[in-house]
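The two complexes that follow have chain A in common; it is paired with chain B in the first and with chain C in the second.
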Partner chain A sequence: MLHLLKYRFKSSLRNGSSMFWALLFPIILGTLFYFTIGKMDEADFSTIPVAVVVGEVSQEADNFQHFLQEIEESDSDIIQVQYMTEDVAAKALEEKEVKGIFYTEDQISLTVAAKGIEESILESLLNSYVDSAKMMTQIGQIHPEGMNAAISSMSNYQNLVQSVSLKGKTIDGNVQYFYALIAMACMYGCFLGFDAALGLQANLTPLAARRCITPTHKLKIIASDMFGIFIIHFVNVSILVLYLRFILGIGFDGEMGKMLLVSGIGSMIGVSLGILVGSAGRITENLKVGIMLGVSMTCSFLSGLMVGGMKDIVEKHAPLLNRVNPAALITDAFYCINVYDNPGRFYRDLGTLAVLGILMLAGAYLIVRKECYESV
Partner chain B sequence: MIKIENLVKRYGDLLALDHLNLEIDEGEIFGLLGPNGSGKSTAIGCLLSLLKYDKGNIEIFGRKMTPDNYEVKRQIGVILQNVAVFDELTVYENIDYFCGLYVKERDKKKQYVQEAIAFVGLENYEKMRPKKLSGGLLRRLNIACGIAHKPRLIIMDEPTVAVDPQSRNKILEGIQELNKQGSTIIYTTHYMEEAEQICSRIAIMDHGRSIAIGTKEELKKMIKTGEAITIENIQLEQSQVSDIRAIRHVFQVEYKEDVLTVRCSEARHNLVRILNYMQEQEITFGQVSSQLPTLNDVFLEITGKQLRD
Partner chain C sequence: MSERSAMRVFKGYMKITSRNIGTMLMYFIIFFTMAVFMQKTYTSEELDNFAAVKNKVAIVDEDKGNLARLLKEYLKDVHHIKEYSHDEELLQEEMYYGNIEYIVWIPKDFEQKLISGEAAVKETARPGTYSGAYVEQQISGFLNHLRTYKAAGFSDEEIEKAIQEREKSIVKLADPNGNGGAASMHSYLFQFLPYIMIAALSYVLSFILAAFNNKDVKNRMRASAISGRREALESFLAFAVIGLGFWCMCMLFTAILYGKEFTGDVLLPYYLMNSLALLVVALSISFLVGNTVKDKVAINGVVNVLSLGMSFLCGAFIPLSMLSVEVKKVAVFLPVYWYEKINDLLSVSGRLSDSMKITIWKGLGIQLLFAAACLGVGLAVTKLKRQE
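Right after this comes the complex of A and B.
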């Protein structure tokens, strides 16, 4: 058995193409995600420079300038206000030094030169102010005694929405992409499983035929191959998880042991999928690779690898799919570990994954255990 | 040592083995000779219990051969038609891997691997991976993987296909050497020269049946042809072809594109009689050759077609 395992490790670890897909590709993709999402974050939260052109002095203008000052001085760093003359402001807008110009007169107005996230934020600020100002007028007319409290709450604009997570764990919405990435990496174990399958069935390759006619029990060969590949892939996925957590600093704040447990079962499913597809029928190798790629990518897509809210869309329209899609189960288990802190849901995910893994493993074993074939 | 009785194997409607019967003795180099598709590889597949068969019985070393008869399998070495090695392992590792499936003792295994490497002449390539080896060297590695554990029975399924002449000779010499060392060898081929060169007995196969078995001399005696005379660059009229056909001991005459082929039964002076006729008729001709019957002649006479058709 050790002899078989030793050479299984050697041959799998030296198989460049399989190891690329199972280890390097997810790491490269994770790194790309990190930089892409990092840039998105920067774009979302960088301070927006905005010009203010003060026109005729009015109560309305004073209130709005006060409102802007409150926002600027808050911790949110949403805007950076610069007071300018109309000409200078127009030039600054043209040269993109500011993203918009607020004109403060009787009527407050906003001028922007483009449509984008930053311009939308400025527009939202203005709308928010206008709505609040209307409310203040109504309060002044109906409940003048509450005016001070209303003004105070109006200036707390930046605190109206705050991200919190359950049970005190922090949440970064972008982490979901990395959960889906790990799920994809687990599924990519199919490439290693596929290679092993080609060496197990005598009707697929001469190498498998030669192994089948040795005096080694077929079960021993299958067990050593499956176990060896599972270990290799589990290490692959663990490297990815640790790389994301400790090198890229992705916020996996839950228990690392549980994350690795989920990764282990996910790896088993990926490897079993490869053995199952690799062993199935007499279809061409290219078609089998296509099937594996299709299955693993579809599962990953539905778990939110490419579109953030995909898992929620599936949950809304076809919830059963989320219960049987291994990639979705893996990401959900990660959510449970890092966000929800919901042991019941976590163990349900884990149980379903284990059942899926055992079913696939059993299916793969039933196909490859044959020692005698109709044709070779 | 090996007994195959009434073996029948079908692939759907195709009858691949049609009541095949063979008996092979210990110490033989037994050739299975036949054209592609004659059932040689299928017979080997059944013999090794890789293929299911519909009917018949196979015994090796006096025991029924089954997929889980590991004791019998332990004494068999197989060299398949296609190279069957791990691309990711080196020459040494490949041989060590397969040898290790048969031999458990570490020191003995190490010794056997070194001996196999020396036997096939791959000492300078031990650390190379198969993809870097030439076709001939790859075939030698394939052989080393099959024989390293010093099996009692070696089954070789067309091991010289697509091999250059130099490597082919080396392989054939190696097979004879293995036989001298005590291994019984079953050798399938569609090259009659190889079968003639190394096999002590030969079974000629066609359509899944063994149509003749014996030593090469015995096989040649089974047919009428004792001598095949070929005369090139010769111009003949139809009446002259008929005259030649009437010469004593001549039983077949073929005249095509200025080449005359005359088959005679075994007798003295066949060539002289034909040349005398040419002289009488003042017929000019080019090169003349006379050949004793080959296994191809045996196949031709029994089946009516060439071995390589």
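Right after this comes the complex of A and C.
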């Protein structure tokens, strides 16, 4: 048995293509995710350059210029004001050197060239100025006696908003891409399982035919093959998880043991999928690879590998799918471990995964077990 | 040379290509579906970002008083709001999946706190994001106004009336591309183009080259009556035909999807030029890979890593504007970055200024230079191999 296991290890580890997909590819993809998605929030917005075109001199224009000056001199670094003539400003806006132009006349206006967040901030600044001015006029008209109180209230600007966090450990949804990536890596164990299946079914490869006529008990061969690949793939996925956590520093804050347990069951599902597809029926090898890719990519896609929040969309429209899709179950279990502690949900995910794994393993075993060939 | 033996090498290329046409089509279909799907999600997101960005704000109101209602009405005006009951687990999940971006908690004693100048509402935002700060600034501003009205002696009804009287400020949109400042639809498809081009073309062409580079085939060909020069010429011709064929397919598909909006775009020539430059890059990469990597399995790996890697790092999957500065520092050395930079520029511009044109020509030049470098290395490798 140990002998069989040893050669299973050797033969699987030397199969460059399968190992590439099962180990290297997820690591490379994880690294790319890290540099792009992982750092997405850090793409910081710099100070917004804005032009001011001074029109007719008026009290209003004067007040507004004063207002802008105050903002520019505050610590927030929101805007950087440049005074320009109308033509120069229009050209600067077209060349995207400034994000907007404030025209100060007796009515202040803003011109922007796009509708992004920077333009919105400029609009918000203008709104805030216009509203305050309007408020003071209203107070003067309706409650002139309250003017002094209003002015002292205005000058005593309070931050009336207090930040609180939720009980979950993070609200950074970007981490879901990495969970989906681990789920994909688990599923990619099917390539290793597939290779093993080719070595088990006498009608597929000469090697399998030779192995089938040996006196070694079939159960032993199957068990050592399955077990061997499972170990290899579990190590693959563990390497990925540890790489993401400790080298790239992705925030997997929950218990590592639980993460590895989920990865282990996930790898088992991936490997058994490969054996199942590899041994089933008389379809060509290319088509089988196509089926495996299709199944694993669809599962990963629905768990949020390409579009974040996909799992949530599925949850809202077809929740049953999330209860049986192994990739979604894996990502959901990771969510329970790392983001929001919910033991009930976690054990439900884990239980379903285990049942799925056992079913697939049993299916794979039944297919390869008692194959009879008329002539080997 | 007789009619029958003409263009043997070229025909050989075409024969292998036709055998691989299934793979090419598969890439084509998968990625166009994906691109269209992603474009749908992105555009709907971007549109939310518009006309003064609207964020998805959740409100948990436990006060239910008059002033709380005014705050909610104000927020409804400037953002997409949704009311929730006090259910942390649900809110946590909604936040995690990005269904909401900001939570406003209005506590029971909201009004008292507001008047006494304490923190009257609580907020939960993604830390360090600009949009979080943006909503906070708006709420804080509004609450300070409420407080000032109160201090001046306004009753709740008077405040409500006063707030209704407030006017919108005047914001004009200089509209350079006739699209309301939004990126054109087809530009999203063009954004994904590098992936499909590099993946599909490199995959097929590298396989063909590897087949031709098989030692026995090579020796057999060297013994034939076709000169090396002619062989090279026909290979180039085959590359060009396959590449242009694929490119035409992509353009045709885009035209079918977006019709007049695409074919009538004044910047269409620039889109075409940019994608042609990209095509040259993809072809040169295939040439390099096919001549340096022999093993079929290895080609598959290398092509995947190259196409995915460049697409991720250079903004084909995630828009350039969202990539971090460090990534961009690396990306400037890759041709796809320059392709995407041009695409970004084209997508939001209706007409090009001189400085934009300079950026475009520069980007095209860099892509072609990169292609030339790949070609040079590829040629050097073949020469070295021949000497062996």
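Everything that follows uses one rule, which is that the second predicted complex is superposed on the first by the 243 of 376 C-alpha atoms of A that agree within 3 Å, B and C clash if a C-alpha of one lies under 4 Å from a C-alpha of the other, contacts with A are read in each partner's own complex, and residues count from 1 in each chain.
The rule we apply is simple: contacts are C-beta pairs under 8 Å (C-beta built on N, C-alpha and C of every residue); 3 or more make two chains touch, one makes a residue touch a chain.
This is a predicted model, so every value here is computed, not measured.
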Legend entry - First (chain B), second (chain C), both or neither touched by A:69: neither
Inset, instruction - Kindly classify A:80 by the partners it touches after superposition: chain B alone (first), chain C alone (second), both, or neither? - result: neither
Legend entry - chain A residues touched by each partner, larger count belonging to chain B or chain C: C
Legend entry - Contacts of A:120 with chain B and chain C, given as first, second, both or neither: second
Inset, instruction - Using the touch definition from the top, say if A:298 reaches chain B (first), chain C (second), both or neither. - result: neither
Inset, instruction - Could you say whether A:210 touches chain B, chain C, both of them, or neither, answering first, second, both or neither? - result: first
Inset, instruction - Would you sort A:11 into first (chain B), second (chain C), both or neither based on which partner it touches? - result: first
Inset, instruction - Kindly list the residues of chain A that each of chain B and chain C touches, one partner per complex. - result: none
Inset, instruction - Name, in rising order, each residue of chain A that touches chain B in their complex. - result: 3, 7, 10-12, 14-15, 199, 202, 205-207, 209-217, 371-376
Inset, instruction - Please give the residue numbers of chain C that touch chain A in the complex, ascending. - result: 34, 37-38, 41, 49-53, 88-89, 91-93, 95-99, 103, 105, 113-114, 117-126, 128-131, 134, 136-141, 143-145, 147-149, 151-154, 158, 162, 165-176, 180-182, 297-298, 300-301, 304-305, 308-309, 312-313, 317-318, 321-327, 348, 353, 355-356
Legend entry - chain A residues within the chain C interface of the complex: 16-17, 20, 24-25, 28-29, 32-33, 35-37, 39-45, 90, 93-95, 107-117, 119-121, 123-124, 126-132, 134-135, 138-139, 142-143, 145-147, 149-150, 152-154, 156-168, 170-173, 176, 306-309, 311-312, 335, 339-340, 342
Legend entry - Partner chain A, residues of chain B touching it in the complex: 11, 45, 48-52, 67-68, 70-71, 73-74, 76, 78, 80-86, 88-89, 93, 97-98, 100-102, 145-146
